[in-house]
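Same chain, two partners: chain A is paired with chain B first, then with chain C.
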Partner chain A sequence: MTGPRAGNPAKNPDAAIVVIGSGPAGMAASHAAAEYGVSVVLLDEQPALGGQIYRNVEMTKRERPDDYDLLGVDYQEGRHLADRVKASAVRYICGATVWNIETDPLAVYYSVNGQARKLAPTAVIIATGAMERSVPIPGWTLPGVMGAGAAQVMLKSSGMIPEGRVAIAGAGPLLLLVADQLSRAGCNLVGVAETTSYADYIRAAPLLPRAMRASSYLKKGLGLRFSLMRRGVRLLSGAKNMRAEGDRKFERLVFNCGRREVALDADLLLMHEGVVPNVQLSRQMGLEHEWYDRQDYWRPVLSKWGETSRKGVFVAGDGGGIDGATVAAHNGTIASLKIVQHLGCISESERNRRAEKSFREKKKHEQVRPMLDTLFGPPRYAFQSPARETIICRCSEVTAGEISDAIAAGCHTPDSLKSKCRSGMGACQGRMCGLSVSTIISRALEMPIDQVGYYNIRSPIIPLPLCELAALEEEGTPSSAYE
Partner chain B sequence: MNNKADVIIVGAGLHGSSAAIHIAARGRRVIVLDKGVGGRHSSASNAGGVRRLWRHPDELPLACEAASMWNHIEEIVGDNCGYRQSGHLKIAENKTDIAKLEDRLTTMKQLGFDHEELIDRDELRKWAPEVASHCAGALLCREDGFASPFRTTSAFQNKAVSNGAELALNQAVAGIDKKAGSWIIQTQDHLFEAPILLNCAGAWGDKIAEMIGDTVPLSAVAPTMMVTPPMPRFLEPVVGAVSRKLSFKQAPNGIVLIGGGYRGKLDRDTGFTQVDYSALKLSAQTVIDLFPIMKNAQVVRAWSGIEGQTPDSLPVIGQGLSDANAYHAFGFSSHGFQLAPVVGKLMAELIYDGASSLPIEPFSPARFHDVEIRNPETAQLSA
Partner chain C sequence: MFMRRNPSTNISISFEGRKVPCKLGDTVAAAILAASPSYTRRTPKHGEMRAPYCMMGACFECLMEINGVTDQQACLTLVEDGMSIKRQILVVGSDWA
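Right after this comes the complex of A and B.
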């Protein structure tokens, strides 16, 4: 690699740093770097700043004050961050979807308004956050079944509240939050089926004292529960063997609760089994990943500053492991400080001084995770013995049965399954079935999942029209190496 | 595992597996070593083109034999490999291109090959109704086609195993020694031993050659493919162009595959490749120019493989230069898929009959040096 070319890399006209994702992590990271005069481009595929938690926060405040109040203080928090980014020198490009990142030299490819472009920064911060875990129960692909987070996104971005009777099922902090937000918005909730059982509470109990150090999370959780109960929403815990039934569209959720079989008739089922890091970009780049057993997900291997296995490439926020919005923002700041120091804009001691508060705060907030992660353990029920007809890969409509047969026929890696039955080959590029497929192989062969591995994720991570590629615009000069 | 064999083959891609099929069929004990699962970067992930059209004349005797083997591929490897005789076209966009096609046809006639024919504008439209209006004609090979690379590679490997060959996967060859007339081949966890060594290491073939003392110039390149989601069927044959880099086909399930030799970036030591979109820009434009129907098609996936490229784009096939009990078959320079059935057969002949039934002199590793080609008959066979 060559040394930095002529000029100050911090002032790279393309961008010294490209930040991808404008959630808490991306906003905090961009702002922190811009404060030191480093040129930053912030890209997000959404039309406005905010990420998942603060989705559309500025507009909601301005145009839908009722929704803004309803979404609560945690949501409103995001406005301050957004204001600071807006007031800074950060070049924020909305509606910009990143579909490929190249290394040696670094290049970020994205599309905005039908135009494909290339940027050549010195460092990249991937802050693409989390996505809802797919839960392949029988019937999950019926029209009328969707993610609870996705329903919340609709509420945030356009104030849309689902019509008709709504059933909610799954586990995790977000489940109750969405249930509460929807019920307060006047939605007709017929029941919340929680897959969390008493056994989970007992397993999580020993971790409670540690979690008390970040007790605000626990208070919030209890608060949501009481709020739902006060409003008379039916809460059923310990739900097992869930299936969505219906003739061409969802009609009812059926599950076991203790020895009873319960059926909830509804028009819409919102499923949620927690969120997992969105690793599409970090996988596409071929970065190193590790398996996080407590929550059954992959996360990129990161240094304490958030640097990945490739120099100059950082991951901040839930994309590096689920820790929530506050920790995400601190991680964004920490990654930026490291880069800013690396570019020579601040000394190491200044960096350490500035980062200290973030490290301290972050540590406090992380205390609650072991308990939450244990209490809301991953939905192993969906993978233990998926019914043969359950669809695993939605894009190519590949069933659990077809996958089991291919494994039995010798496909022992996710990639060979791709070739054999085309799972993970559709437009979502394996985003939705990747975790399920690795898990199913691992169970079938009784092989540790980190030996099974994951799909090789190919770019473009979102479909790219050929005419857009033909008109690819290449900005500026090649980047200075980060070394 | 018994680590001794009559022949050890390095590389379980198509060429290593094909040789294993034929050597094992002769009752010899074969072990095939591969640092991975075999052919991941090339044999199992290429464009699957089974093409004689526009091939180098030196390769045609082999390619013609291969073509008839592809017609019976199920009898040879126990699976039809998704093979489909779709025809291949080489499109001319103007008069200069047409002149080049005519020259080619003349050469083919002189050499006695009749697999290629020239078709005019109207005939071209019958073969490819969506082709752009400026296209003036094409060279056609009716008996060319394509197969599924993954299925083909699995079928070749399975057939080798059912013939009795042993596949030792995840065994990276790190060193090769010769002791008492035997090759001692060292991988990260085992030693393997055999009197005869066959180098089918693809893009890494020069490294294995070096371990036995042969210097062969080879570079590793990363040809790139793009794929669309299934589209309504509009094209049967595989299409190339005279003056532009293109390889274009629609699979039976409607997916369109775009190749053409645009290269990505690679790190041969780690096997890491990256697609170079700046290069693919041109590829996208070419496709749109020749098939306007593709303008709004979407690319859902692109990847770069790893293939061995020789200075003259011909493969390295033949006996070793510094040791008569070493053989090479690698460096297929982005068109070795079609040749796989036949080259394995020739290697078995070369090793055990002392000569191959088809001319392979043009592919000798000696062509890069001022070295005389060793007479295969003088090879000492200790097996």
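Right after this comes the complex of A and C.
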């Protein structure tokens, strides 16, 4: 376990801490460590600081004030964190995709502009956030079907909005937020088909008093609903059996609403069923994960400080479980404080004193989750038993029917399905189909999903030309062990 | 599929030989989506048409040929004046087929 010690680990010439991801979690983590004089490198594959929620916040403020206003205070908040990171000694490298993390000794491999590089830090914080849950319905691969979050990214990073008629479908807090933002930007929304039904609202109601302790979330949710209604946007709840239809491109969304069949003709369909942790790196590292069945996703097993099953490797933010941006930032600070103390830069009591506020705030914000989990909980997802023709693995074009047949033929693990049908073998390496495949196996075999497991994710986690790998210089200082 | 809230542009790229005006700071995927591309890649197995889906680096639907290099994630790449962008049309047997 122990690598050669290179003097004071807090001054590790590569970086004592490598933080991956510059969303709220990564920015807060980097800044907190840098404040104590610890060397930090912050890597993000995006061109600018911000992560998903604060995407491109600095440039939007500077160059597109109208968009900045439209995106609202929750977005504008991000600029404070970005300013602090910029003013600190954090070495921020944008356009840097991390594709491998080795543990013994700790090494982080990433590429910038087609060049592979390596860092040997003492500790790593993975703050790679969440991604929109895949929504496999028939026709979801047609051009003209996108994530609702993706449309929001277009607005945040490029000031663009959908042209023509837009249909929105799914569930979750972000769905209404995006619908509202697009509607206020003047988009033509032909309807929002919510998979949440009235029954879900009734089920969630008893959890309301507890959620009131984080009432700002509820006010926001209700506010969005009223805002959409006031604008005359058609809201349809309890949508089931969705399918996207069209010849070469999306043309209409068809679904059942009670006993009715509804068709929404549109040029663009935006789908969203909440977000799930992006576990690609934590999986590639072989860290321990657990199934969180209130929301149907995998998350890495973490200590109270965010430390994973591998000492010195931390996960902070939505990549460790979905709790939203405010909690993500607190988790980033908490993980950093633990590392800074471990490196000997602050005492345990100082660490605890500094972390106390973050723990307290975090707890307050987490109060709303049980209600959100119930309201937008997985058992009601209309997407769990996909029709046979539905494409599950977008990259290798594998349908639900092919997967079911392979299961019937004896492929009982995600990896055996991978070798049989090539699902999860394409460029995205299972990011889009991993959850669906585990779920389908679990349902078919009536086996708990944590027994089914997940694809074995191998590095590099992005398509990487061999020459790039070969050109990787064996530079780098040996890491100082986190012992 | 998409349009700019503020129509001003300051540079241009080429998409399949067609000149596409865009703005510094745009990602390639955004610039192309604003030019009504109909699709941006074809799948290796069935030749299905696809277009960017997640805009955040996760789905790899935006893989395109950028300045002659294939397998580039257009949603993570910023436009540069004069960049040449092509649809990615791979066949079975290529790396990610």
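Keep this in mind: the second predicted complex is superposed on the first by the 471 of 483 C-alpha atoms of A that agree within 3 Å, B and C clash if a C-alpha of one lies under 4 Å from a C-alpha of the other, contacts with A are read in each partner's own complex, and residues count from 1 in each chain.
One rule holds in what follows: a residue touches a chain if its C-beta (ideal position, glycine included) is under 8 Å from a C-beta of that chain, and two chains touch if they have at least 3 such contacts.
Everything numeric in this text was worked out from a predicted model, so none of it was measured.
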| item | value |
| --- | --- |
| Partner chain(s) touched by A:S404 [first = chain B, second = chain C, both, neither] | neither |
| Chain B versus chain C, judged by how many residues of chain A each one touches | C |
| First (chain B), second (chain C), both or neither touched by A:T308 | neither |
| Which superposed partner A:S459 touches (first chain B, second chain C, both, neither) | first |
| Contacts of A:G426 with chain B and chain C, given as first, second, both or neither | both |
| Which of chain B and chain C A:N100 touches, first, second, both or neither | first |
| Which of chain B and chain C A:P47 touches, first, second, both or neither | second |
| Touching partner for A:Y109 - first (chain B), second (chain C), both, neither | first |
| Chain B versus chain C as contact partner of A:S88, first or second or both or neither | neither |
| Residues of chain A at both interfaces, chain B in one complex, chain C in the other | 426-427, 463, 465 |
| Interface residues, chain A side, partner chain B - complex | 100, 102-104, 109, 118, 286, 413, 415-416, 419-420, 425-427, 429, 458-460, 463-467, 469-472, 474 |
| Chain C partner contacts - residues on chain A that touch it in the complex | 45-47, 52, 56, 59, 63-64, 66-67, 95, 97, 114, 131-132, 141-147, 149-151, 153-155, 157-164, 185, 248-249, 267-268, 278, 394-397, 426-428, 431-432, 462-463, 465 |
| For the chain C and chain A complex, residues of the former touching the latter | 1-6, 23, 25-27, 30-31, 33-34, 36, 38-40, 43, 45-46, 48-61, 63, 69, 71, 73, 75-76, 78, 95-96 |
| Chain B residues touching chain A - in the complex, by the definition given at the top | 37, 40, 44, 150, 228-229, 265, 272, 274-278, 280-281, 284-285, 287-288, 294-303 |
